[in-house]
Structure formats: structure tokens, C-alpha cells
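Common to both upcoming complexes is chain A, partnered first by chain B, then by chain C.
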Partner chain A sequence: MASTLSVARPVRRGSPLTKRRSRAFYLFISPWLIGTVLLTIFPLAYALGVSLTDWDGVSPGFRWVGAQNYLDVLGDPETWASMSRSAVLAVVVVPLTVAGSLGLAILLNQKVRLRSFWRTMIYLPAVFPPVASALSWKLVFDRDSGAINAVRAWFGQDAVNWMTGQQVFVVLLAVMLWGIGAGMIINLAALQDVSPELLEAATLDGAGPWRRFTAVTLPTISPVLLFQTVTSTIGVLQTFVPALLLSPTTGAAAVTAVPEANRIFMIDVYAQYFAYSRYGYASAMLWLFFLAILVVTVLFFRASRKTVFYSVDPSSDGGK
Partner chain B sequence: MTLKELQSSKRAHPYPVQSPGHERGTRSRSGIRRRSTILVTAVLVFITALVAFPMYWVLATAFKSPEQLYSGIAVLWPLPSHIENFVEALTRIPFLPYMLNSLFLATVNGVLTTLSSALVGYGFARLRGPGKGIFFGVLIAMMMMPGIVTLIPTYLLFSQVGLVGNYWPWVIWGLVGSPYLIFLYRQFFAGLPKELEEAAILDGCGQFRIFTRIFLPISKPIVVTAFVMSFLAVWGDFIAPNLLLDQSNTTLAVALSSGYVNERGFPLNNLIAAGSILYVIPVVLVFFFVQQRYTQSFSSAGIK
Partner chain C sequence: MKIQPINRRGFLGLTAAGVAAAALSGCKVNTSSPAGGSSSGKGALTIMGNDGEITKDVISGWQQLNADAPITFIKYDETRLNAMLTAGTPPDLVRGAGAQVTPYLASRKIAKPLDDYLSGSSLIHSGDLEAINDVWKWDGTRQGSGSTYGLTKDWSLDMMFWYNQSVFEEVGARVPDSANPFTYDELLDVAKSMTATSGGKSSRYGLFATTPDVAFLQGMLATTGVSLFSEDLKKVDFSSPEAQKAVGWLAEVAKAKAGYTLLDPNPDGWDWPPFSSGRQAMQSAGYWLTGVVSGDTKAPDFARMAPAPLLGKERVSPTTSATGHWIPAKAKNPDGGFAFLEWFTAGQPAKDRAATGGGLPVMKNLRSSLPAKEAYQKSALETQTAEDKYAKVLSFSPYATVTALTAAVSEQFPKLVQGSLTAGQFADQVNTKCNALLAEGVSRIGG
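After this line comes the complex of A and B, so read on.
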């Protein structure tokens, strides 16, 4: 086989040049390859191992308990409660973020006065570190010195303690929605990719603004919307820092003091690990979470097959 | 979309439908447009006010004395303003040492991440080897992978090999690169013409030389973006330093969230506000400095 090819093409499979090139390929990607094995695959396998034990993270000994941790997690109403809080958070935040940031992008894709000023202001909170966002909203919602209660006082209403009870969930939502500018920027770039010729052709065919939006703009930007939906769902489900920082105390005790309404899934996992030292149990939770994220992602891509329109087959450029 | 196109696309969309009020139409239609422009502006003012208010409130809080803070009435701006809050925010906790920790970690990690991601991105864009398609698929999957899922087991492993309480994990993470930035580089390098390296190959240049002499220099915008993004990621990160570092050598993000309390453990809100502002200022400065490039490559990181 090689001999016939070698007549036609001096560079053939297995030739020194090709070999050298593939060696170069492996050398170049080796930092990532080694890192992925050591820092992702190995820890995941390790967590899987731990999840089959009753290890408390402190004592040297542990027992294999098989699938018991998984059964315990699935049988624990606390887990279901924290998981459903995370799900509610995602159901509220993801559509608002995706649709809201698209709406903002459409508004700011028009020629309006001070356009770049509006863009910058709306985008700015998205670059704030999570700690800064959480602390800012904590100050706004503070019981005694916050703005919200001050406004309530103007209207003669009593001060509300926003950091307890169900109210704290509102604060968490505010923190999370504050970063909407990140999605807006992505959508702006996507909108500028929409073909002006297509829009013009649609206008000539008598399409109104709404029809142009649904028939031209939306299909063009649909991959971007899918990407945002998937990433923001994953992002929201693993929310941790804002909920932790809205706890009334700080330090190691903070995670156990998070108000019930904000005891979302990752808070629960963290508490099981580091407050209750149930390493096996918490590792099982983490693995179930990992599987759930995997399922959600696959479902999104499945469901999107018919609704998302790719002008270029995205799988075709993988092997260039 | 290439970077050039993105930069030029900052201008208004060429298509008139997207830009009402700027196209000459019949008199009645331009009337509708003017009204819709007013409506759009009103909506934007409202949303911007909503988004900007917390920033304003933090700023106002940072200048209040404890008495002004708890006076029970909403003051739009505290008078007299207490600038000394900032001095106290700097001294009540060892602010500058913590800041130097953050700066050090973010710089070291940023430089390493930027270079290693470029290296790997180049490999994926310009080189070939068996299994490349599968590896690329894994890379994409990594972008979707929730980071916190591996962070806790990684912490458990690090604690067993003595990597807790020091800065080595940030060096290791930096050497590995970030899937997102690798993808960003890969997209950029893949779009460059083949002629770039052909002459160099004929001259007998190795791939590494081609990478450092030709591709890295022309990818300067991406390099800047990658550095800024990885720098800000470490600067803003709370979970990793919280898990891996001690009270003595932690970063500003962690110290800020727990340091400003009085003797009885109650939060000192004006100092929290002042400290937060000092913590965010570098981020905002970097943001304005590289705004255009940053947001644009961020958005084109591309989904395509």
C-alpha cells in the first residue's frame, strides 16, 4: 500500500515527516493532555472511589460501602430539597438571562444616543468578581443601612430582614441577574453576524420587523442562544459563592449558616464535605451532580437539533 | 467573524431596519421612529439605573460614618464624606499584603495560562496526529464541565501531597492552560493562511520556532485577552483560595469577605464598601484599558 502511494506522493503516512509532525502535535498539546488526566479525570475517578466508602476525611481507616452512599443521597429529602432549589434558580435565572440579554442586545444594536455608554454600564457588573457582586447586593439589602429598606421607610413600611427566610432568595436572584451584560455582549456580536442581504431580501418579500426577526435573525443567532442556554444552565446549577456570601456569618461556619432558602445544591455538597465530614456521602452527591449536568447538556443538544440552525456544520472543523 | 470584522462592526449595523430614527422616511413614519427612539431611550435609562444603582450605593456607603450608616433615613450622599474609611479599610486588615498575594497569584497563573493555552491551541490548529479529533472533542466537553465538580476532589488530592497552604496549585493550573482559552487560540490560529509557516518549514524551522517566532507575535490581541481573562479569573476567584490557602497567605477576595467585622463579630458595612471598591478598582481599570479587545474576543470566542 505504501509503495503505490509513495510513487504518487513523496510524503506518505508513516514517513519521517508525518511522524515528526504528529510527535510535534503531541508535544504541543501535552500540557493540556497531562493536565486533563491529572486534574480532571484522576480527581473524578478519585471522587468515584471515595463515594463508595464511608471515609470521613480525617480518620485513616474507611469501609467500602458500595452503592450505599448513592442510595442514601437519593433517599434523603434534604438532597432533593437543595437540588430543587438549584433547579428553581436555573428555571428563573436562565430564561431571564438569555431572553433579557437578547432583548438588551437588540436595543443596543440600534443607533441610540450614548450607545457605548449604555453598553458599558450594563456590561460593567459582569466583570465584577463574584465576591464584589455578592457584597454589593448585601449592602443594598442590608436590614439597617440598606437602600431597599430605606425606600420602604419612605413609604412608611417596616424594615425587612432580607438575609433570612425566603427573602434571601430574592437577594440571590438579584446578584445573579446583575451579570446579564455578559450575555448581552455575546448576543450583540451574534446580531452583527446576521446577514444584511438576507434581511433586505426579506424586506423586499414584504416581511415586517417581527417576521424578519423570527425568520432571519433568530435562526442565524440560534447556535449562540443554545450555547448561552447550556453554559448558563451549567453555571447556575453550580452556583456557590453568592449563596455562601449571603450567609450571616463568615469563615468556616458560613456554609452551615446559609439560610434555608439559599441552601442550593453546591452549598449542600460543601457542607457535607467540610462541615459534617461526610466525604463518601458528599462525593456521591458530586458524582450524581456531574451525571445530572451531563444529562442536561446532552438533552439540550438533542432538543436543539431541530431548532438550531448552523450555517456551517460545527463538527466539520474539528479535524482541520 | 474575524477579529478585524468584529472591530469594524462596532459601527452601527448597515441595515436600516436595525437603526430606526436614522433613516429618512416619509414624515409620518419618521414620527413613529422618533417616538420609538424616545421609548428605547427611556427603557435604556431605566435598565441602566437599575444596573448602576448598587454601584452607586456601595460608593455612597463607603463614605458614611457609622452614625450616617444607621441613621435610619436614606441619605442620597453622606455629608460630610468620610474619606478616612478607605484608610481604615486598608489598615484594619492587612489589605496590601493580601492584595500582593492576589496580584502574585493572578500574574503567575495568568502568564503561564496564556502561554500554555497558546501552545496547545497552536497544536490543535496547525498540527496533526492520530486521535486529534477525539482530543478536540474532549476539549470541547471540558468547556462544558462544571469546574467545581473536580475542584473539591482535586483539593482532597492536593492535601495528600502537600499542595495545600502554598501557591503551587496556581502554577500547576497555569501550566495546564484553560480549555476556553485553548479554544480561543485554536480558533484564531486556524483562521490564519497556510503560507505563514510554509516558507519557515522550507527553511528548516521547527514547529516550536514557527510558533514562537511567527504565530505568537501576530496573535498579540488574543494574548492580551487571554492574560486579562486568566488574571481576572484568579483575582476574582473565591473558592480555590478559600479551600487551599490559610488565613495568613490567602487572597484579597477571601480576606475581604470575612475581614471587616467589629470586636463582636458584626459586619462594618462602610469598611466592606470601601474595601470592595479598592478590590474592584484594578478590575475596572483593566476593563476600561482593554475594553474593546476584551469584550470583542470574549464574544467571538465563538461558538462557531
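After this line comes the complex of A and C, so read on.
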């Protein structure tokens, strides 16, 4: 392998070959680059600009208010209340998703009957569009015709209005955990990457199943678990569609009718934009949320330094 | 048929032909005026509306008269409208509830005044317009006077309601009539006696769906002579005894579960499905429901219209919508927009609408076209005619939308019903939030 490396000729910067390669590189990534600039960078910058104004989304003019919107957002107890609800949702959903999908993956990594069937059935909900999932669960929990209340009635219990009050949070959790199969597939792939030799060596050293799991399997799949934790956290914090669709009413009034238990941060943002017409304020909320998620992500990576193990040390250059 | 692949020369030729055709088509559009009215409307039109109102038949009717003025129809979507207004490419005509939107649109100069168009119209004479169209007027301080910013499609007095005659007979309740409207307390008592529950489910609600909607509250309060808004429309006051009484009534409905509320919303989205199927004894709707009742097999037998209930002592029956259309100030083709609006409001579509009873026509001369053949139609028309003299234009604030204020009230309302807020605390919370929204509006547009 060393000889392969030795025949690679160093390419000088500014040479025609380098320029040609650069041109080809930029040409190939240009669709992504254009898309990112137009659909990500520009809207972000636009929202940043709007967040510094008092624009209401309709009026022809707007007033420059500087950082006032940011100060107002931070000083508004409702911001913290909705952010807390989002945090609670993440604290409940992320561990359940990561641990639950790992548990399912471990079970379905065994030689069990109808293994492919079970894998398919558990993964299937993950390919459902979020809108379809939310609406389906809404039907399941419907007070008058839903399956849950039908079961309750069978046991002689009165029907519960699941779409109002605190209980709507239970419905939201059901929708969120419905897609657990996506994580299971990723964990399944990671489990199959665990070295049989290491497991065998651990067994020979006298390690039991739990010890093998904690000392061999978990460290090996820890980068995958980190990936899932980070992406799930970001995804759950940004939850919006299910909470809105679980509103007991539809149309323009839906966002204002979202029960308090489900008034998570993105619902609050949407209400500020489209119910209260506070475009500047809502844009400031989004930017602050973006920064908060960035901080959370950085903290996760910091915390992972001693708990996540890479087969190749990512901080090194691979020995080159 | 074998399809030949197109070559570069062919592609360029087709493109040139297309461009030329489009250019010629544009020239042609600009040389004719639409039939049916006096306005010099020309060219293509973009209309944002409701496809149940500006139907395919209406559009094809317009196209038959104005083949050179094609219509691009966009379904009403507030977010899209905002985007179009922001981009400076608004539609030429937009749907709106005149009673609620006029101060907001006019004070921001988003809507175009129609006075010049109206004074030059051969189809619409100001004396032939019902007074209800005054909801589209704004003079800078009050709604109901000043320039006209839109035209009502058709209208109703929205605090009126319909009831199921059979259910009233079943419980032996007094039937409200024009001379003796219900008070809101009577209404709730009657509704409670009609409500039936079993296993935690309501098999029948007595009352119509209620929400703490600012327009509805303002309508209730109109009978007390008090407004939610201060004289200068810059503040609301939910702590007045009258406002407390109105909000308290809504909370009492929710606690009694006598009708669908924010805490037990109607899964159908509106009153008609449960009302028509007998699961709800009343429906909150004005005269326009006549058209809906006509399309049902059973409802004509039991559906009757009642006058607006009273919270105070003054007979007032306002409209909270008066739905119609307005022309954005930056519309590319305002002349064409008005030509369509004129025809839609006073031409054949208006005659067709009046004949169905789908609302009261805004043109006085079409009043005689309203249906009065069936018993329910005759009864509804009589009730409406008796109610006419109590019609009133309410004033909403230019500084915040009714939607925004309603959202602020709706957020706090469940806490009032569940008892985590007292009536006084609720009023304070709502006042703080709504007045902050209004203050933002004041600083934005001046006042």
C-alpha cells in the first residue's frame, strides 16, 4: 500500500492541471452551491435583515429597530415557556428514540423468525410523510370515532378529548416516536459492523453479554449514536408540522387553537409570523433559535470527546 | 404518430413564434374593453379569491364577454398574498371581509380607493348600494365614512342564528321571533336543555360553536352600546363590565359544554355538518345559510332563522364580515380589476347569487330576486326584513388585525375556563397583549 502512496505525484498549486480540476470541481458542485446560496444563505440573510425591523409582512414600509426585537424576544416569558416545552419534548423524545431504536436493532439483529418482515414493519412508518402520520394519529385519537376511545369504551371508560388540554402532548409523543424505525435501520447497520473477533475475544476473556455490549458493542457504534443524538435533537427541537396538524381546528385559526401543551417554539414562531403579523420579531426568534441549536450541537460534540470512539482518530491526518 | 426530435433551429423557430404570439396576444388584449360595465378594464387579470364564489362558471361567463381579458385565478392564501404584496406583484383583485380588514388595509395604503371608479360606473349607482357597503369605508379615523375601498359580494347580519325547529318543539322551548329575540342568557339556558351527552361524548349540542373571536365579541357588545376599542381605536378594554359579561358568557358555554368551543372544537370545522344532521340544535349564521339549506334534503323542514340575541338592551345586529373584494394599490391592472368587480357585484353573477339566497345582495335592486317560495325561505326573508333596521357598521382598529387580536384572546381563554385565571386576571393579560399589538401598529403607521 505504501508504494501506491509513493507514486502519487504532488500537484503544484496554480498549474493547468490544478485549475482544470478546480473548474471541474466547481462545475460539478454548482447545482448544490446555487441551491444553497438561493435557498439557504439568501433566506437566512433576508431573515436577519427583517429581524432588525418592525415589518408586519404587509405594510409598504418598515422601521429599523436594531436589536430591539432580540431584546424583546429574550425578555418575553412566552418565548421561554415555548422554548422549555421544546426542550422537554427533546428530553423525552431523543433518549426514547435513540435507546428505543437501538433496542429494536439489537432484537432484530438476532436470528429470529420472520426477521425481515419485522424489520420492514418497524421501518415502514419512517417512510410515511410527517403530514400523513400526524393526520393518521389524529384519527386514532379522535374523541368520537378514534380507536383509542373505542378501546376505552370497551373497558367502560368515558371518551377523552385527546386533542385539548395536557393530553394532546401524549398524541404528539406518539407521532414523534412513530418514526423510530429510521434509527433502527441505522443502528442495525452499525451493529453489523461490530467486529466478531473482538466479541469473541471478549467472550474468551470471560465477558458476559452485558459486559460485551458495554465494552465492545457500545464503543464501536458510539459515533453512530452520537450522529443520531445530534440529528434527533435538532429535528425534535424544530418540530412544527405534527404539532400544528394536531390542532383541533384547521385553516388559519389552527395555530391559535394549538393547545398550550403543544405550543412548542416553532408553533410560537409561526403564530408570531402569521397570526400576529410580527415578521421582524419572529425572524429574531428564528435567529436566536438557530444560535441555541448551534450551541447545543457544539456541546454535544464537546461532551462526545471522551465518550465516542472512532476507529480512525478524526483529529489525526490518518498517518499521512 | 411518430414524434420527431426537435433540433436547435426548430427550437429557436418555435420560441420566436411563441414570443411573437404572446406579443400579439398582449396587443390584442389592450385594444378592447370588457362588456357589461362602464369601466375601461383591459388586459389580463389576476384574482385571488374563493373558488366557491368566483366559480368556473363565473370565470367562463366573464371570458365569453371579454375573451381578450383572461383571468388567472389564485385561491385565497394570506401568506401568498403577503408575499405578492411584498414583491410588488399583488393580484388585481383580492377577497376580504370588509367589516374587518378595511381600516387595516386603508390606513396602510395597501388598498386602492374606488371612489372615482364608482362615480363613473354605469352599473353601480351609489344610491343603489346597500348601506352595509359602508363597512368598506375609512376616513382615517372611523370605519363607515370616507373613501370606499372595496365592494361587498353579498352579506348577512352575522350575529343572527338558525335553529332546529323540531328540537325546540321537543324540549318545549320558546321560539325566538323578530319582536322577542333571546338574551344570551336565555339562549344558553335553552341550549343546555337541548344538550345530550353519553359516555363522555355529546350526542347533541344545543348551541352553535362559539369562540372568543374579537369580531364576535364586538358584535355581542354592540347591544350594550360599549365597544371593545377605545374611541381612538388604539386600545382595547376587556375589563369593562360589559366585556367581562360577554367573555364570561363564552366561558360559561365552554364550562357547560353546551356547544363546540375552543376546548372542545368542532372536528368538522364549521356548524353546518352537525346542524344539518341534527347533532347540533343551532347554527351561527346569517341569511346566507338559506342557500346552503336549499341544497339539503332535510334541513328545509326544520331550519329557521332567528334574530340576533341581546347582551345589553339595545337591538343591534351587525355584520362581522360583508365579504367582498378590494383592489391592491399596486395592482398592475386596477381598471380591469374594477371592471370585473363591477360586473361581479352588479351584473349577471350578482343576479344569479341573489336567486339562490346565498347572501343578501349589496345592490338594492336585486333584493326582489331573493327566493321566497319555500316556507323556510319565506320565513328567513321575513326575519331578515324585520332585522334590517338594526343593522350597524362596527368599527375595528387599523392598528392590528382582528386575527392577531383574536389569537391573543384565544391563547388565554382556556386558562379562564379551566380556572387558572380569574376573570380580572384574564382581562389584564388580554389587555396587555392586545394593547402591545395595537401599540406596535400605532408606531408603525402613526396615529
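Methods note: the second predicted complex is superposed on the first by the 300 of 320 C-alpha atoms of A that agree within 3 Å, B and C clash if a C-alpha of one lies under 4 Å from a C-alpha of the other, contacts with A are read in each partner's own complex, and residues count from 1 in each chain.
Quick note on the criterion: contacts are C-beta pairs under 8 Å (C-beta built on N, C-alpha and C of every residue); 3 or more make two chains touch, one makes a residue touch a chain.
Keep in mind that this is a model prediction, so the values were computed, not measured.
In the superposed model, A:A153 makes contact with both chain B and chain C. Contacts of A:G57 after superposition: both chain B and chain C are touched. In the superposition on chain A, A:M163 makes contact with chain C only, not with chain B.
In the overlay built on the shared chain, the residue A:P259 is in contact with chain C alone; chain B does not reach it.
In the superposition on chain A, A:L96 contacts neither chain B nor chain C.
In the superposed model, A:D142 lies in contact with both chain B and chain C.
By the document's definition of touching, of the two partners only chain B reaches A:V230; chain C does not.
Taking chain A as the reference, the larger set of touched residues comes from B, when chain B and chain C are compared.
In the superposition on chain A, contact of A:S277 is made with chain C only, not with chain B. The residues of chain A shared by its contacts with chain B and with chain C are 57, 142, 144, 153, 249-251. Within the complex, the chain B residues that touch chain A are 1, 6, 9, 12-15, 17-22, 37, 40-41, 43-44, 47-48, 51-55, 57-58, 61, 64, 69-70, 72-74, 116-117, 119-120, 122-125, 127-130, 132-133, 135-139, 142, 144-150, 152-154, 156-157, 172-173, 175-177, 179, 182, 190, 206-208, 211, 232, 235-239, 253, 256-258, 261, 265, 269, 272-273, 276, 279-280, 283-284, 287, 291, 295-296, 298-300, 303-304.
Chain A makes touch with chain C in their complex at residues 54, 56-60, 62-63, 142-144, 149, 153, 158-161, 163-165, 248-253, 255-257, 259-260, 271, 274-278. Against chain B, in their complex, chain A makes its touches with residues 21-29, 31-36, 39-40, 42-44, 46-47, 50, 57, 104, 107-113, 118, 120-125, 127-132, 134-140, 142, 144-145, 147, 150-151, 153-154, 178, 180-181, 185-186, 188-193, 196, 199-200, 203, 209, 212, 223-224, 227, 230-231, 234, 237-238, 240-241, 245, 249-251, 266, 269-270, 273, 279, 282-283, 286, 289-290, 293, 297, 312, 314, 317-320. Per the touch definition, chain C reaches chain A in the complex via residues 78-79, 82, 85-86, 104, 108-110, 199-201, 211, 262-267, 269, 400-401, 403-404, 406-408, 410-411, 414-415, 437, 440-441, 443-445.
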